[in-house]
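Presented sequentially are two complexes of chain A, the first with chain B as partner and the second with chain C.
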Partner chain A sequence: MTMAVASENEMSAPAPKSSAPAQDERARLGFRLTLPAQILVLFISAFPLLMQAYISLTDWSPLSGTNWWNAWEMWNTFANYTDLAMDGRFWSALWRTLVVMLVCVPVEFLLGLALATLFADDFPGKKLFYSILLMPMMVVPAVAGYMFFMLFQSGGPVNDVLSGLLGFPVAIAWLSDPKLALAAVMIADIWQWTPLMFLILLAGLVGVPQDQIKAATLLGANAWQRFVTIVVPKMKTIIIIALAIRVIENFKIFDTLYIMTGGGPGVATETISVYIYKVTTQDLIWGYVAAIALAILVVLSVAAVLAMKRMAANREAAA
Partner chain B sequence: MKRAVPFEIFRYAAIFAALAVTLIPILWMMSMAFKPIGEWSATGAELTWWPKEPTLANFRFIFGESSSDLIVALDRTALKPILSSLLSASLGTIIAMSAGTAAAYGLSRFGAGQNLPLALTQLRLFPPMAVMIPVMIMWAFLNFTDSWWGLALIYGIVTLPFAFWLMKTFFDDMPREIEEAGLVEGCSRWRVFTRITLPMMRAPLASAALFVFILNWSDYLIALLLTTREWVTIPVYMASLSSSMTGQLYGAKAALGLIAAVPPVIMGIAIQRHLVRGLTFGALKQ
Partner chain C sequence: MSAIHLQGLSKKFGDFTALKTMDLDIADGEFMALLGPSGCGKTTTMNMIAGMEEPTQGRILFGECDMAQVPMGRRGVGFVFQNYAIFTHMTVRQNLAYGPRMHGASRPEIDRRVGAIAELLQLTPLLDRKAERLSVNILQRVAIGRSAILEPAIFLLDEPLSNVDAAFRAVMRTELKHLQRQFRQTMVYVTHDQLEAMTMADRITVMDHGVLQQVGSPIEVYNNPANVFVARFIGSPGMNLLPGRPAESDRGMVIDLGPVGLTPLLPAKLAQRLRGHGGDVLFGFRPEQATIAHEGRGMKAPVTFVERIGARIIVHLGQSESAMKVVLDNDARVSLGASAIITPHMESARLFDRASGAAIGQGA
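Up next, the complex of A and B:
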């Protein structure tokens, strides 16, 4: 970060834009400015990935008494990867992660869209309500997890409210029932991240041209028709971005969930991140963890590149 | 467009329902933070929505005052975890913002680092859990494990994509005429950047820095893996409060949770305008 400072003196005075020295200065400064970021990216990608690939082909563990570079002594070729293909706990964790995603993201999207629609025009109190509704996404996720841990205690407020509504005492042990625990975890995620959908979708909604809506209204389109034929098509890109962000982030789900249930009871709420965390810190088979992690990275990278190509193609088609 | 009265009633009803759902978990934790142990209601005691006898005992407890009601004494107070969170999140923000701002300017003005947008987007895509094995080994090798500066380095890298994208959109939006005037006046491009562009961008820089700070401050997983004792951060420390012999220290944890939650919420409200931009990597502006 201080690297660029030294270059101040060598910089020559400006010359007409097209001249060679000016081009040279631009290129040199551009290179220096981007260098720190390039180094950080390289530092966290190239070497770690090579190391990860190497370790993933061995049985190495921090307890095996040798340094990681000597892991070849425990070479097992592709045994970790074949183990992974047969690892029932891994596949069920992956499945659970997808279930959580397939429930949470659509619910967050629909609730966020509904709220955004309510906020599309002005009304008294809008600004204050808007600020309050955004609060959950700023709460530290681990703290949000603790909030919901307290709410879902058997003597906690959720059961208290249910008792009040139903008229008889309810004492559901939310977090120790395998099915309910997963539901509780999803409720926490929906609470925390619906505001993000609301925020993004509202920003998109106010960008929809009002004159088109007015024209449609004059032509006799009702609110639903206007929404489907004008608003949704105009918001297509924004909707894709919002969904993509939540899909990416939801796939990583860890903090709230781990504080609430620790992945339990049993493995009832064990998602991919929790599973990897447990193998890393409890079983300590790091060679195997490296194989899991690398497999996930490769799949996600391919998916990301394909998705970005697709989006770029769409953008060109639209332009 | 004037809306019908029934719609307004429906709108307010729906919004108030949403507000209630939003606020109850937060208020419950606040209420818990000020409750004496007798009202924690985890042990079957009557549930009280509002503390009957509000007390600061929970806050005093996490800062080291021994409590006769709790048979436990903390082996360390919340002071050092708070310090650790502050230091690591701040230095992490400085790293991300310096590297991110410089790179964003380099790309926005000089077309340097064309690979960065994709590389940094991928960096955000990956679950941190999937790169933590090499990071843990590297950090151990560098002697960075269990230190606030080690955390700061990884925070700086993890939040670099956000700093980069936010600053890039700000630079892209900025009118070039002023910079060009500076060049005509005879300033070098570096001088234009440091003396004209950056001072002009003070407000966006501050917003981006707050945004990045919130992200760093919110981390739990990385600190859980990279700190063990000396420099655990607030969330890690908070989670460890539950494993003591007396069971959950509800009030104490709630007090600590409140301390952890308040700064980012205030900062987040302060930079509301830029949240959309930061979260969508500049694909969307408000």
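Up next, the complex of A and C:
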């Protein structure tokens, strides 16, 4: 033991003199070796962004007959952005996206948490139910969209079940009613993504130290008190991760929804992704599309940075 | 009220019997150690007392009260976990306040009690520290304080010192004993470390393979082990046990140890008990209670190994069944390989039935 310490001291004693230049040399070599990969990554991530920024300042469209790099011929400075600020369809799509998120993510979270709590204990048939529960997550979103499109037809199974439960024939036109269509879309999203929430939260729940739960019980805490004072604080990080994943994913909601309603009836289920898709493929005004995408990117980035700062501050306050 | 009575208690996990029928009475205010190797059922016993596990059979009484229907949060039992199970996401204050808070105490009441317990355990300057980064001795005090604040009549400690390094354990032992004197509760202390049990407990319950082996004060368990298991388990090294059969010599009774030779004369009391016995026995004596010479008559065995442990040396003698150890001062002259004459202190020697392992003629 003492020998090891002594030899370590001998090793480190002369090191500081020679290490500074050596370290610099190593760092430079490392930089040179990773440079090609760095450039490639930079190109992949930065180039589309710069291209987008460039096009967003023009009236360029693939139909305009010029190549994109010549888009400066149609330079319009910030006209796309001022148009965007006045675009009611854009703002209502953004609002709708937020509504979907504010309904779906909390419902998915609460359902996922409840299921995770259930699955943290053993019960007969647990493995079977576990597999069944995870299946929606494996379904291709486009297929899920088609499934729910069929389910919510006015002669479809959902109405049949409702008829059976209520005792009189129900024929709700789910997907052609502007209000119900959004609800149907949300139900599909909740069906498909609650399992992911469940899976992440279960992993967190299983990681809560059992002896601390027992200690809390011995100190007189009932199940709800244990949940609030021990389980939730211990799962805080994983809860934040689960919520962050779903918030980001849900903001981009598209495939299931598009197959179910195509954004309709009218624009009743048009979320931001659907709106961008329509402007891109139907209206073909790509300069404007670039402006929308860039604006959303900026807004999301700012939100993400603020959220992360808040989390870091929390962690520091907690430490 | 805070005496504990275990009546015919047993526990099975599927086919595995963790605890065979156990009867034990722990007096009010007593410090009882449950001692045994891992898997002997001591932790299971304690978990049942705490209500964390249901007994398969038998009853647990606190004073006169049967605990069968009382859930673990209501038993008025303080429990210190092996790793302390401190709520790491809380401060020391929040940890201490947890019990009263869960019992719905008022804010000023909680503050008053936390203040008092923190003062007692010298935790006052640490109250607002996060429990995550505290040293082990502070964690132990927090763990004890967190339970003690509810003033439980019974305290259960599950190997609280097993995560601590050897040097620090001595400090903690003293501290624990000191705390028990302060709180005056009935304490049940689970450990596999006989030194902890010996130094702290009023009485020791020795267990093995789910069976209670012996209950007694530390000195009783050391001096008069009830059977071969206790004799070997208690003491470091454990008691020497040499197979032999009783024999009459011209001056009285001795034990014929085969290749080792004859023991010195048995004390009258031991000889008397042995007369009614007959058959093969195990002759037991403590390694600390024997001397070695290189000349003379008596039990004879070659020195096979000498272990030096600082103040003492452990001399290994003989082979296989008749192997034994003798502990001597470190200035004793012992030559390796040479034949040695071993003279055990006969007043403290013990005899066991070879077949059953039970002590013969216990009591001096």
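Everything below uses one rule, namely that the second predicted complex is superposed on the first by the 260 of 319 C-alpha atoms of A that agree within 3 Å, B and C clash if a C-alpha of one lies under 4 Å from a C-alpha of the other, contacts with A are read in each partner's own complex, and residues count from 1 in each chain.
One rule holds for everything that comes next: a residue touches a chain if its C-beta (ideal position, glycine included) is under 8 Å from a C-beta of that chain, and two chains touch if they have at least 3 such contacts.
Since the structure is predicted, the reported quantities are computational estimates derived from the model, not experimental observations.
In the superposition on chain A, contact is made by A:Phe123 with chain B only, not with chain C.
In the superposed pair of complexes, A:Ser273 makes contact with chain B only, with no contact to chain C. Look at A:Pro106: by the touch rule set out above, it reaches neither chain B nor chain C.
Once the two complexes are laid over each other on the shared chain, residue contacts for A:Thr229 go to chain C alone; chain B is not touched. By the touch criterion defined above, A:Gln212 reaches chain C but does not reach chain B. Contacts of A:Gln38 after superposition: chain B is touched, whereas chain C is not reached. When the two complexes are overlaid, the chain among chain B and chain C that reaches more residues of chain A is B.
When the two complexes are overlaid on their common chain A, residue A:Pro21 makes contact with neither chain B nor chain C. By the touch criterion defined above, A:Ala221 lies against chain C but remains apart from chain B after alignment on the C-alpha atoms of chain A. When the two complexes are superposed on chain A, the residues of chain A that touch both chain B and chain C are 217.
Only residues 1, 4, 7-8, 11-14, 25-27, 29-34, 36-38, 40-41, 43-45, 47-49, 51-52, 55, 68, 114-115, 118, 121, 123, 129-144, 146-148, 150-151, 153, 155-157, 160, 191, 195-196, 199-200, 203-204, 217, 237-238, 241-242, 245, 248, 251-252, 254-255, 258-259, 272-273, 276-277, 280-281, 286, 289-290, 292-294, 296-297, 300-301, 304, 308 of chain A touch chain B when the two sit together in their complex. Remark: chain A residues 209, 211-212, 214-222, 225, 229-230, 233-234, 318-319 touch chain C in the complex.
Taken together, the chain C residues at the contact with chain A in this complex read 50, 52, 72-74, 77-79, 81-83, 85-90, 98-99, 102-103, 130, 146-147, 150. Contact residues of chain B toward chain A in the complex are 1, 3, 8, 11, 14-15, 18-19, 21-26, 28-29, 32, 41-45, 47, 49, 95, 98-100, 102-103, 105-107, 109-113, 116, 118-138, 156-157, 160, 164, 183-184, 186-191, 193, 214, 217-218, 220-221, 224-225, 234-235, 238-239, 250, 253-254, 257, 260-261, 264-265, 267-269, 272, 275-276, 279-280, 283-286.
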